[in-house]
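Each chain carries a letter (A, B, C and D) given by its place in the written order, and its residues are counted from 1.
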Amino acid sequence: MTMPTPLTGVVPPVCTPLTPDHEVDTSSLTRLIDHLVEGGVDGLFVLGSSSEAAYLTDAQRRVVIETVAGHVGGQLPVLAGAIDMATPRVLDHVRSVTEAGADGVVVTAPFYTRTHPAEVARHFRLVAGRSPVPVFAYDLPVAVHSKLDAELVLELASEGVLAGLKDSSGEEGNFREVVLGARGRADVSGFSVLTGSETTVDAALAMGADGVVPGLGNVDPEGYARLYRYCREGDWVRARVEQERLCGLFGMVRVGDAGRMGGSSSALGAFKAALYLRGVISCPVTAEPQVPLSSGEVERVGKFLAGAGLL
Amino acid sequence: MTMPTPLTGVVPPVCTPLTPDHEVDTSSLTRLIDHLVEGGVDGLFVLGSSSEAAYLTDAQRRVVIETVAGHVGGQLPVLAGAIDMATPRVLDHVRSVTEAGADGVVVTAPFYTRTHPAEVARHFRLVAGRSPVPVFAYDLPVAVHSKLDAELVLELASEGVLAGLKDSSGEEGNFREVVLGARGRADVSGFSVLTGSETTVDAALAMGADGVVPGLGNVDPEGYARLYRYCREGDWVRARVEQERLCGLFGMVRVGDAGRMGGSSSALGAFKAALYLRGVISCPVTAEPQVPLSSGEVERVGKFLAGAGLL
Amino acid sequence: MTMPTPLTGVVPPVCTPLTPDHEVDTSSLTRLIDHLVEGGVDGLFVLGSSSEAAYLTDAQRRVVIETVAGHVGGQLPVLAGAIDMATPRVLDHVRSVTEAGADGVVVTAPFYTRTHPAEVARHFRLVAGRSPVPVFAYDLPVAVHSKLDAELVLELASEGVLAGLKDSSGEEGNFREVVLGARGRADVSGFSVLTGSETTVDAALAMGADGVVPGLGNVDPEGYARLYRYCREGDWVRARVEQERLCGLFGMVRVGDAGRMGGSSSALGAFKAALYLRGVISCPVTAEPQVPLSSGEVERVGKFLAGAGLL
Amino acid sequence: MTMPTPLTGVVPPVCTPLTPDHEVDTSSLTRLIDHLVEGGVDGLFVLGSSSEAAYLTDAQRRVVIETVAGHVGGQLPVLAGAIDMATPRVLDHVRSVTEAGADGVVVTAPFYTRTHPAEVARHFRLVAGRSPVPVFAYDLPVAVHSKLDAELVLELASEGVLAGLKDSSGEEGNFREVVLGARGRADVSGFSVLTGSETTVDAALAMGADGVVPGLGNVDPEGYARLYRYCREGDWVRARVEQERLCGLFGMVRVGDAGRMGGSSSALGAFKAALYLRGVISCPVTAEPQVPLSSGEVERVGKFLAGAGLL
C-alpha cells in the first residue's frame, strides 16, 4: 500500500516470537499480527529494537518481513527496520525488506563507527537516495550512542530525505522542537513525528505528534488505540486515565533482576511473557545471549496483566 | 593452517582497498597482502575496524576473506572479524569466514543492545561453543560502548572460551592485568594478549604482551616487524627509537579536519592515502558515509611518510 | 516562611547578575527579584545551575542568598542550591544558606567522585539528617553524570528524607513515574515534583507535576505564570498556545556559536542578554571561563524577545 | 621551596587520615608524611582525588595544607590540589593553599558545567595568570568527564600557562604524545609530565615521563622509590619485577564489594586500611558518603600487604 502522508496513529513495533530453538515462529507471528490489527492499530513496524532485530540473522529478518507483509496484504502500512552499522550494510537491508513488501524503512544513524554529524546527514541522504520507499529516522541514543538533533531532522525533512521520525530518545524537549518545526516550516510537509515512548503518549499527542510506536502496544493494542482516540477527540481526562493504566502495566519491564540480566532481557522478556500468558504466542523465549526470566518473574508479569484488567 | 598457541608477533588489521565505485578492489588487496607479508608480519587480521567491516556488506566481507585466505594459502595465520550486534548474527559471520578459510575469529561484546556483563560472558561462550576455530575477544569500547574487564577475560580464558584478546581500549592498566593474569594462572595457557595500539607497542611488549595489531602496520609493516624484533631481543634503546619514529608517522591520523569529518574518516582515510601514495593500492577511497580527505590533507599524509623515510 | 507542602507553582531558578568585573551586582539582583515577584512567581530558587552556582565563590554565594532572602522578607519561599561534590562540602553550604534565610535546600547526587547508588542514597540521608530545612533532590545528569531513578526518589520521599524533586533530566518517562508514585503511595505525602524543563511545562503539569523551575522564567515570568494558571484551570488549548510561544522564545539558548563556546555560555549568556535588553539588569556578563556572546548574537536575542512580544 | 623545573620523581597523592568523627587527624597526617619522606619520595601532592579533596570542607582542606607544609618545612616540594567546579572557585582555593605554603597547584578542567574546549583553555589561562605558583593540569576524565588532549596541553605548556601535567586518564597513547611533544618542541621547556598510574610506571618512565603520582605510593613509598631508581638506571629487568610486585599489591583496590559500594570507597578504603594495618595512621575511616570496608574486606587488604612483603 502507499504510505499515508503523514503516517499517523498507533504503529506498534512488532515483537518477533521465537520457537524454543530460537527460530522465528511464523504461526505465532501471524497470530500476533491478527491480535494487533484486531486491536485497532494503524500500522506495523517490524524489525526494530523491540523486534530483536539486533539479534535476528538476515535469514530470520527475511522470514519476519515476508510473513508480516504477506499476512497483512496491504490492509495497513508496514514499516521495516534496516538496522545495521553503516550505509552499505543498511542499503542491503533496505533492498531486502522492500523486495519483501515493506512500505517504508526505519534507519538509525551509523553506530559502532565514530561518526561526525556531517556523516550522519550524508548517511541518511545516501540511504534515501537509493531507497524505493520512504525513510523514517530512528532516534535511539541508548543503542546508537548519538542523538539526532531537531535541526538536523528538520533539515533532512525539508530536503525530502526523511518522511518521518521515530523518537525513542525520551527527550521530550527535542521532540517538541521537531513537532513545532515540522508544522511551522513551509518547506516541510507530510512529515510524521512518532514517539517511541509507552508512558508519555498523551503528552506527545497533545504537543502535536502524529503517532506512537509503543513496545507495550504488543501487549495491549486496544489500550493504545483507545488512548490515541481519546487524545484525537481532545478528551484529555479519559486519555490520562487510560495512559496511567498503561503506565502501571509498563512496570512489567522491570520484573527482571538487574543483578542477573540487562534491560533488554527484562523488558523484551516481559512483553513476550505477557503475550504468552495472554495466549497470543506459543513460547516466550528471547534471542541469545539474553537471559530468560525466571518463573517467579513471569508470575509477576501475570500480576501486571491482572492489575491492568488483561487476564 | 593451525593457529599458533599463543599467537605472537605483528598481526596488522588489514585495510580493505576499494574501487572508486566502492567495491572491493581485489587486485589492490592482494598487493597489500604481499606488501605486508614481505614486510615481515606474523599474521593477518581481516574484517576488523581498520578494515571498515562496519561498512562492508556481507558479500563484500566474503570477497575479502576469500581473497586473502586464498592468496595467503596457509603461509601465515588469518584472523577474521565477525563483527555484528549479537550472538546469532555473529555466528552467521563466524560460519561465513571460517568456510572461506579463516584460522581464527575476532568477536566483540554485543553492541546496539543493552547488555549485562552476564550476557557478555554468555555471548562469548555461545559463540565459542559453535565456532570451528579459536575465538579472540576484541575490546574496543569506543565502538562497542562497554569494556571487557580483566577478570571476565581471564575467566573466559581459563574456560577455554577465548584463545586471545585484542585490546584496543587504550587502557594499559587493565591490559597489564590481563597479561599478568594470563601468565600467573595455572588454569590459563596458550592465551594470546595482543595490543591494538600503534604508539605503545614497546611498552606492551615490555609488559609481556604476545603481539601487536597496529592499523598503522598497513603503512609500515617493516617498522613494526623491526620494533617487535628489537623488543624480543631486549634491545629497548633501539625499540624506543623505532617506536618514536612510528609515533611521529601515526600523527597522520589527525590530518582530516575535525570540523568536517569524524575520527574514522580521518584515520582510515590517512592509512589508505598513505598506501596509495606508497603505490600499494590503486585508489584511496573509503566506504560511505565517510568523508574523503581533501587534496591538501592527502598532501599532509605525504609529508608524514616523507618524515618517516617512507617516500 | 514555612515551605508549602507540597511546594507548587512557578519557581524560577534566579540568574545571578554580575558587574563588569565579575562581582555580584546586588542592585540588579533585587531588581530581578522584583521583576519575578511582580511577574507572579510562587517561589524563588537561587544558587542553582542557572544561577551560575558552579562559578560563584562561597563569598559570592553568601551575598546572593543574603540579598535575596533579605529582599523577599518571607513574602514567598526561597530555595537555595547547596551545590558541591560530596556530603561534607554540601553540608557546609546547607549551613551557610540556611543561616542566611533559605527556606529549603536543593542538593544533587555527589559528583566528581565515583559514587554507587547506595552512596547516593546515603548522601541524601546524611544531608537531610543535618539540614534544618526541607531538602529537594536536584536531578541533572548532564552536570552530575548520574541519574536519580524514580525508585530511589520515592524511597527517600517515603522516608521523609526528600521534600521534593527538581527534575532537569529531560526524561519525561522517569518523571511521570515519580509523579504517579508520589501520588499512589500511602507512605508519601506532601512531596513536590517540579520539572526543570522550559518547553514541556504543559505536559508535566498535565501529568500531575506540582510546579516548574524554568530558567527562561527569568526572562518571561508572566508567561510561565499564565501557563501555570491555564494548566491548573484545565484550559489546555490556551496553555498550549502559551507554551508554544515560550518554546519559540526558548530558541534564544542556541544563539551562541557552538564552535566557539559551550552550551552554558550560550544559554546563560542569552538569558542575561535578554534581562539586560529588557532593562532588568545592568550588565549581561557571565562568570569566567564562559565565553561572552558577540554583539551579533546579542542582537539575535533581541529578535527572540521581539518575536515573543517582550520588547 | 622553589619548584624543581621540571618536577621529577615519586610524588604521591597524600591520603587524608580522618578521626572516627570525620575530622582531619593531624597526628596521623604528619606520621604519614614522615613515612613518605623516609620512604624516599621526591615531592608531595595533597588535596587531590586520593586525598578525598572532593569530600573535605574548605576548613579541612586548610588544615591539611597547613599541617603538611608546616611539617615538611621546605624539605621537598608540596603540590596542592585546587579542585573545584570553575575558575572563580578554583582561584579561591589557589589563594588559600598558596597562603598556606603550597609550592604548586594542581587544577582540573571545569566540571559540573558544560564546557567547550576553548573555555577549558581559557580556564587554565585565567588560573595561571592569577596564581603565584606554577600550575599543573590534572587530567582525570573519570571525575571531570572531559579529556585534556595532547595538543591543548602542549599549547598551554608552550605559553608558560602550565608547568606540568598529572595524567590519570589511563590513556597511554595520548600521554606519550605529550611526552614526545614536550621534548620535541623548542618552545616548551621544563615541563613535567607525570603519570597517575600505579601499574604502568615502568612503561611511562621508559617513554620519557618525568615522574609518577601513584595513590598506592602511600602504602609502599619505598617500592615506588626503588622502581623509579631502577628505571632511571635503565635496569628494566629489576624495574619490571618491582612493578609487577606493586601490580599485585594494587589488587587491594578491588577488595570492596561492588554491589555495595563505589570504586572510591573500595580503593581509598583499601589504601587507608593498609596504612592502618601498617601502623602509619590511627583510623582507616573514609569521608562520607563513602561506604566503609567490612572487617572481611580489611582482612583481605592485609593479605595483599603480606603477599607484597609489607606486613
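One rule holds for everything that comes next: a residue touches a chain if its C-beta (ideal position, glycine included) is under 8 Å from a C-beta of that chain, and two chains touch if they have at least 3 such contacts.
These numbers come from a predicted model, not from an experiment.
Student: Mind listing the chains that sit against chain B and also against chain D?
Tutor: Joint contacts: the list comes back empty.
Student: Taking each chain's centre as the mean of its Cα atoms, which chain lies farthest from chain D?
Tutor: The most remote chain is A.
Student: Per the centroid of Cα atoms for each chain, what is the distance between chain C and chain D, given in Å?
Tutor: Inter-chain centre distance comes to 35 Å.
Student: Taking each chain's centre as the mean of its CA atoms, how far is chain B from chain C in angstrom?
Tutor: Once rounded, the distance between the two centres reads 49 Å.
Student: In chain B, what residues contact two or more other chains?
Tutor: none
Student: Can you work out from the touch definition every pair of chains that touches here?
Tutor: Pairs of chains that touch one another: A-B, A-C, B-D, C-D.
Student: Which residues of chain D touch chain B in the complex?
Tutor: Residues in contact with chain B: 170-174, 176-177, 180, 197-200, 202-203, 206-207, 236, 240, 244, 247-248.
Student: Which residues, counting only chain C, touch chain D once they are in their complex?
Tutor: Within the complex, chain C contacts chain D at residues 22, 54-58, 60, 83, 85-89, 91-92, 110-116, 118-120, 122-123, 126, 142-145, 258, 260-265, 287-291.
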